[in-house]
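In the two complexes below, subunit A is the common chain; its partner is subunit B in one and subunit C in the other.
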Partner chain A sequence: MEEQYITFYLDDEEYGIEINKIREIIGYRRFTRVPGVKDIVKGMVNLRGVIFPIFDLRLKFNLPPKEYNKFSVIFVVEIAGRVMGIIVDTTSDVISLSPEEILPTPRLSPSIRTEYIKAVAQQGDRLIILLDLERILDEKELEELDATA
Partner chain B sequence: MEQDELLQIYFSEAEELLQTMEHSLMTLESEPQNESVINEVFRAMHTMKSSSAMVGFTQLSEHAHLLENLMERIRSKQVSITQNLVSFLLENHDLIKSAVENAAQGKPDVGLDAFPAMAEKVRRFLGLAAEQEEGRVTAPITTSISSVPKKSSKGSYYEINMRFRKDIFQIGQDPLMLLYELGDLAEIISVETDLSSLPPFLEMDPYQLYLTWRLLIKTDRPLATIEKVFVFVQEDELNQISIRDVSSHFRDGVDTRMANKPLGEILIDQKLVSEQEIQEALTQQKRVGEALLEKGKISPDELDKIVDLQEKSRTVLRKSTVRVDTDKLDQLANMVEEMTIQLARISAILGDLPPDVTRKLGSEPDSLNRIGREVQEQVMRLRMFPIEGTFQRFQRMARDLAREQHKQIKVVLGGGDTELDKDVIEHINDPLTHIIRNCIDHGIEAPDERKQSGKSPEGIINLNAYQQEGKIYIEISDDGRGIDAEAVRQKAIERGLIKESDQPSPEEIYKFLFIPGFSTAKKVSSISGRGVGMDVVQNNIQQLGGTIAIFSEKGKGTTFVIKLPLTLAVIDGMYVGVGADIFVIPLLTVLSTAALKEGNLKTIEGKGEVVRLGDSYVPLIHLDRILGIERRQTDTEPLVVFVSSEKRILGLGVDEILDHQQVVIKNLEKNFRKISGIAGGAIMPDGSVALVLDVYGLDHLFFGRNRVHELVH
Partner chain C sequence: MLKLLKSYINKRLRFKILIALILTSALFMGVLIYLGVNGYREDVLNKVTRFELELADLTHAGIKHPMAIGDMDAVRQQLRDIKTATKGIEVYITDADQTVFYASHEETVGTKLGNLLADAELTKTLSNILSTGADPRRPFLQTINGEPYNLIFHPILNEPACYNCHAPAKRVLGSLVVRQSVAADYASIASLRNRYIMAGALGVISLVVILNYLITRLITRRVRYLSDKVTQVAEGDVNVNIEVRGEDSIERLNKNFNIMLRHLRDRIEYANSLKRGISDPFFVVDPDLTITYMNDAAAAITGYQKEEVVGKMKCWDVFKSNLCTDCSLKKCMATGQAAEAERVRCEITNRHGKIVPIEASVAALKDAGGKILGGFKIFHDITARVEAEKILKETAAKEEEQRRYLEGRVDNLLNVLDKAAGGDLTARVESLGKKDLMDKLADKVSEMFERIGSLIKQTKRTANIVAQGTNQISAGNQDLSQRTQEQAATIEEAGATLEQMTANVSQNAANTMKVNQLAQESVTLAQEGTSVVKETVYAMTEVWTASKKIVEIMDLVNEITFQTNLLALNAAVEAARAGEHGRGFAVVATEIRNLSKRSGEAAKDIQNLIHDSMAKIEESHKLVGQTGSSLEKITGCITAVSEAVSEVSAATQEQSRSIEQVNQAVTDMGDVVQQNAALVEQLAGASQTLAAKAALLKKLTREFAVAGADEDSIEEEPLTPANLTGREKRGTMPPVKKPLRQDMLQKAVLKEISPEEADINMEEGFEEF
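And then the complex of A and B:
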């Protein structure tokens, strides 16, 4: 059974998120910074009266920060009843992956955190890192975000 | 609070309760062992009983009380559930439902003849003899039946004198309803209204009843039926109702006494009062005036028609309010908010168009914006209600209960204008009712007992609401006897919850009160003390995402603190700029603003800063520092906003003060989490988010890691 993913880039790396996890994709908009939270939380935005936080996964994956530009895109997702935004460099496209194309997460060096990675997919030359959204932004993570605690 | 409003609340509540009841009973039919469903029916009956009593529908309340007893038996497994029992309970549900519907149409529930028979059946289920419980209601009827002199086909004439307590309207009774009731049972030959105790117009309290009536009716129904009309008002000794058989004065339907005193004369008598006064009286009591005019000129058929019409219009009036899913309201509110933001953006774009185009547009964009704002305001108002109405409801309840228990109780309200989400208001009523009942039943002592312990004979219940730390707080406190922690502990031991040797702290002990079925009340009163109580209260509050805590001191009183999330609240906010960011300070906390000049500033031990406010110095919190924001590099002088954080006055250092405006606070926890010092987010006119500062939280944030306050004080 094929599954559809939306892929996006962070620097040169291509990542994928299951398409049914994504509520909406919106353009970059100004964030309101929130005091006392970790850097991964870029701030709060309003979308049709709903206020939600924006996360920058670059910081989660230890990639260097980058200025946002007109290509920056926000994926609006809903995890455990919470609406959240993930800001990425650019969307790439929507791909269908067959089970054969999805490979188990390879063993990486211990310094790389793999718990957010569900699997890796290979399509021709492309290597797509499939993310486990629930893990990336689960409640424990949110608590950890509290830098003041 | 208007009686109407009270009734509206009651009717919507009753509708819901009846729905719950029906649904649960249906479930019970297929799952007779389901205890949670049994409890649900029990609670619905319990609430039905108390709400009905509160609005004065005594018969309904009494019936619900009986059913509650029955449910109690079922709950304690003394009566087992059979198909027959469920059908019977459904029958009772239907009866109550029709009574409520009748009441909604303005007929008093008194008219429902089916109740006594049904009550009889309930008692049979309960295994009680009829006299055991309701002798009070049945006794006067039986005695009066024996005193009915005759039932001639011509009918008897009765003279009825009615004098009601002055505040009858506030109890939810209306003498006019009794008149209508009588009109259905008998031919009303005359109504004399005594206006003599009517005060001058300016001194008149429209909620008071100044009138008394004398009626002459003709009927072929037994006296008992007529007496039944007054059953509920007669219970109250402040109401004086006398019914006299005056048939002997009548010959061929003519009142012989009228020979000396014709009916018209009474009216003329009344005209001896100045015409202006009569005019005013008539405008105040218009319906009574109409009744006066109709007297004798209208047949019972025609009267029926008018009553019918009124009933219909009442039904229509009631149906014109609709209950809407709050989710829909939320969506609507969000969409409208977004619409006004889009409108503002369009206006900005339009402003950049060439003059010839803008000229063509004229004032159209402006009016569109104005309409947008108005729509937004209206939508906002749909959701938010001040808690005052709910509070006042309890003032009424407390007064009645106090009277019933011969206690003196004053209810002091505070923070009634605190606006709460509709959802919260709807659901907070039940728990508050229970808590306040608790205060009255178990908290406040009888006047004598209070005097003995050196207190004023009048007990005080404080109801207070306020907003703090991004939460709504509701506090209910009484100055009564407090909770006897030892008695609770003993009960807990009795129930096997703790061991004899255990010595839990008072806080832990009070928590036992939230355990289902836990009650220390010594007797079962009609009000509370059944163990349906604090567990339900806690349940309801938790469902709202809130918490409840009990604080008590033996002999001094008890305080219940309910903390509720701020799902949607409107506040007046002051926009301030700090660095590149904009924050909203709740205007309620703002005392004043000033320039932050060198001369006003002092440092303590080279670290803590204080700023002068009048004759004293208050701690200064630089918002940029505490919130970790880079200050703006400008020539503008920094400013200070003095705020009150409940604990103390603080100076907040900001870069600029922008504007004040009403803002909707949205909580950030819904999609994110609580942020120290921030009450929530508000949406700015350009669609971006501004954070609303929580002054109390800032105080905590600041003093939590700074000891400057000890140096200041």
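And then the complex of A and C:
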């Protein structure tokens, strides 16, 4: 049974998220910064009346910050029943992955903690890191996000 | 003796007054005495006369009757009685022949009365009376033996009573004569006179004594007091004070004298203050040039003490001036022009032999009568001034020398500059090796000429090279044309690739066409402009700008592609959510994604091509630009050299021209921005087309929700194959003939888009989700 993933890039790495987890993909837009919250939470976005916090995945992954441009993308997702936005460098594709293309989690560099890496997929010579959105934020971060919302 | 007295009196005011008083009172007394004595005398004599006349009349009356009756004895008796009754009175009665008939003194009867009288005058008077009968009725004086007598002659006239004896024809019968001694009367008069004189003399003497006392007390003593004080003042003592005791004229005189003295003291103090107040060296001399006053400043200059000089030394001994032989002070005193001060400059030698230059003013001092009393001299030490004047003179001389030196140098420089103005740059300004400003100037001018010379040489050389270069350019233009063609080809390639884009974004095709036209126009321009290098440069700049614009457009295209991709992704998300029902829609989304991916790749290809093209253009542009700029430089140089003399002004003009050029360039840039605007408008058209496509997609999606997917609708606007190269397309494009700018400005792509299409935008598309 093939599963569909949306892929995106952080620097040169391609990441994948299950398509079902995504509510909408929007282009980068100006958001309202909220003072006094953790760096990871960049601010609030009002999308057609729905207000939700956004955070930067680069910061979460301890990657160096990068200036947002018109190709930056915000994924509107639902994590643990919360609507939130995730800023990534740029989106790429929708891919369908068969179970045999999905490889068990390899050992990665210690800078990327593996608990939110569901698996790594291989398609041709592409290597895609599949993320588990539910685990991407720990309890503390979720609390902070709640506080922000 | 008399003289001595006179002089003594002359010296005593009191005596003068006394003498005058004595004389006046004596005169007064004399007159009084004279008048008194005279009055008395007349009174006495009148009385005597009246008595005598009465006696004569009485006697005549007494004898008349006895005589008429001839009683002679009675007459004689009567006369004798008179003699006894009176004393010193004689009465004589004569006939017409003066013979005495009757007499009080009978011894005289019978004698001629004329003899008795012994006075011719009286005898004659008697004869007159006897002949005429006139009664004189006055006494006659006769002095006998020093004793005075009064005589009365009374005629005896013939009357009828007498006709008994005398014939009536006779008018005068005789005379009656009374003689009386008046010695007693005169003696009483004299005694009275003597008494008067005595009293007068006494009065005068007592008057003199009293007056003398009063004058001494009231006038002389006080006048002498004043006189003593005045004498003191006259001897030079002005510190005299006179007591004032009352208010009479002498005291007023004293008071005024005090006031006068005070004024005098004030004057003297004023003069002394003036003298003391002069701080400049100052001294006063008497007519013999002995110094009578000298102030401290003068003493300090001469080196003498004031005490050893004043009143003891002559001024030439003290000052030893070089002008002492022709002493201005002496001259001043000789001419007596006291008020006229003249300034003299000289040198003096002081006690220690030091020579001090001074400037002096002299003037004579005069008294009220114009007599020269001396002179004074004010001077001051002008050593510093003389020194300063000397320095000033030296400085002036030095400056003059410096000025002459500078003038010489400047003349030299001017000669060389004149030659340079005439075109001769070989002349050089000689440097004197003084390292001063003029040398620096000379060096700089030489250096400038050196540079200008070398510039001209270089320009000549360059001109040759340019001449050669121009040939080369005309030949090279051929090459350039070819290269421009190549550029055009590249741009055409870009255009061709843009054609591909047009398949996806129809408006891009038009742009590519324009790029193609531009390229061809550039070719035409290049072919035409072998001689006009500037036009070529301009055209190339245009091409370059257009290419840049394409790059910008490609950015937008990229963005649109990205947005399309986003839309497609969202479609995929939505399709995934729809599950089995969304499968068809997912396919559409995939197709759209593929399309956008291909658009992106195509855009990347175009960008690469354009970058390649731009690199080439830049290279060519640099070459042409160098040629152009070197030509401009050469022109500039030649202009600069031709205006070598006014190099600075030429440079300024060059600068202003350059600024104008920059302005022109800025204006051109503005034009280019306008072109950009046109291009952006085109791009807006393109994006709207893309929006229209999105709308179509939406429509399709809606349709799909009801009836399922219609894959054919994707084919509605077929894409130009991305692999079609620009080079292949180039042949079909006409060459660009006009500059891009006008071409672009004339087109308003936006207006060609229908309002319906224009209303559609991305955001609305998202709202549908």
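Following the convention adopted for this analysis, the second predicted complex is superposed on the first by the 136 of 149 C-alpha atoms of A that agree within 3 Å, B and C clash if a C-alpha of one lies under 4 Å from a C-alpha of the other, contacts with A are read in each partner's own complex, and residues count from 1 in each chain.
Note that contacts are C-beta pairs under 8 Å (C-beta built on N, C-alpha and C of every residue); 3 or more make two chains touch, one makes a residue touch a chain.
Predicted model, so just to flag it, every value in this text is computed and none were measured.
Student: In the superposed arrangement, does subunit B or subunit C reach more residues of subunit A?
Tutor: B
Student: Between subunit B and subunit C, whom does A:V34 touch in the aligned arrangement: first, second, both, or neither?
Tutor: In the superposition, A:V34 contacts subunit B only.
Student: Touch test for A:Q4: subunit B only (first), subunit C only (second), both, or neither?
Tutor: second
Student: Under the stated touch criterion, which partner chain does A:V73 make contact with: subunit B (first), subunit C (second), both, or neither?
Tutor: The second partner, subunit C, only.
Student: Pick one for A:V94: touches subunit B only (first), subunit C only (second), both, or neither.
Tutor: In the superposed model, A:V94 contacts subunit C only, not subunit B.
Student: Touching A:I19 in the superposition: subunit B (first), subunit C (second), both, neither?
Tutor: A:I19: touches subunit C, not subunit B.
Student: State whether A:R48 touches subunit B only (first), subunit C only (second), both chains, or neither.
Tutor: both
Student: In the superposed view, which residues of subunit A touch subunit B and also subunit C?
Tutor: Common to the two interfaces on subunit A: residues 48.
Student: Would you pull the subunit A residues touching subunit B in the complex into a rising list?
Tutor: Against subunit B, subunit A makes touches at 29-30, 32-37, 41, 43-46, 48-53, 82-84, 142-143, 145-146, 148.
Student: Under the touch definition given earlier, write down the residues of subunit A that touch subunit C in their complex.
Tutor: Within the complex, subunit A touches subunit C at residues 4, 6, 19-20, 22-27, 48, 70-71, 73, 90-91, 93-94.
Student: Taking the touch rule as given, give the residues of subunit C at its contact with subunit A in the complex, in rising order.
Tutor: Against subunit A, the touching part of subunit C is residues 558-559, 562-563, 565-566, 568-570, 572-573, 576-577, 586, 589-590, 593, 766-767, 769.
Student: Contact residues on subunit B for subunit A in the complex?
Tutor: 333-335, 337-338, 581, 626-629, 666, 668, 670-673, 675-678, 681, 683, 687-691, 701
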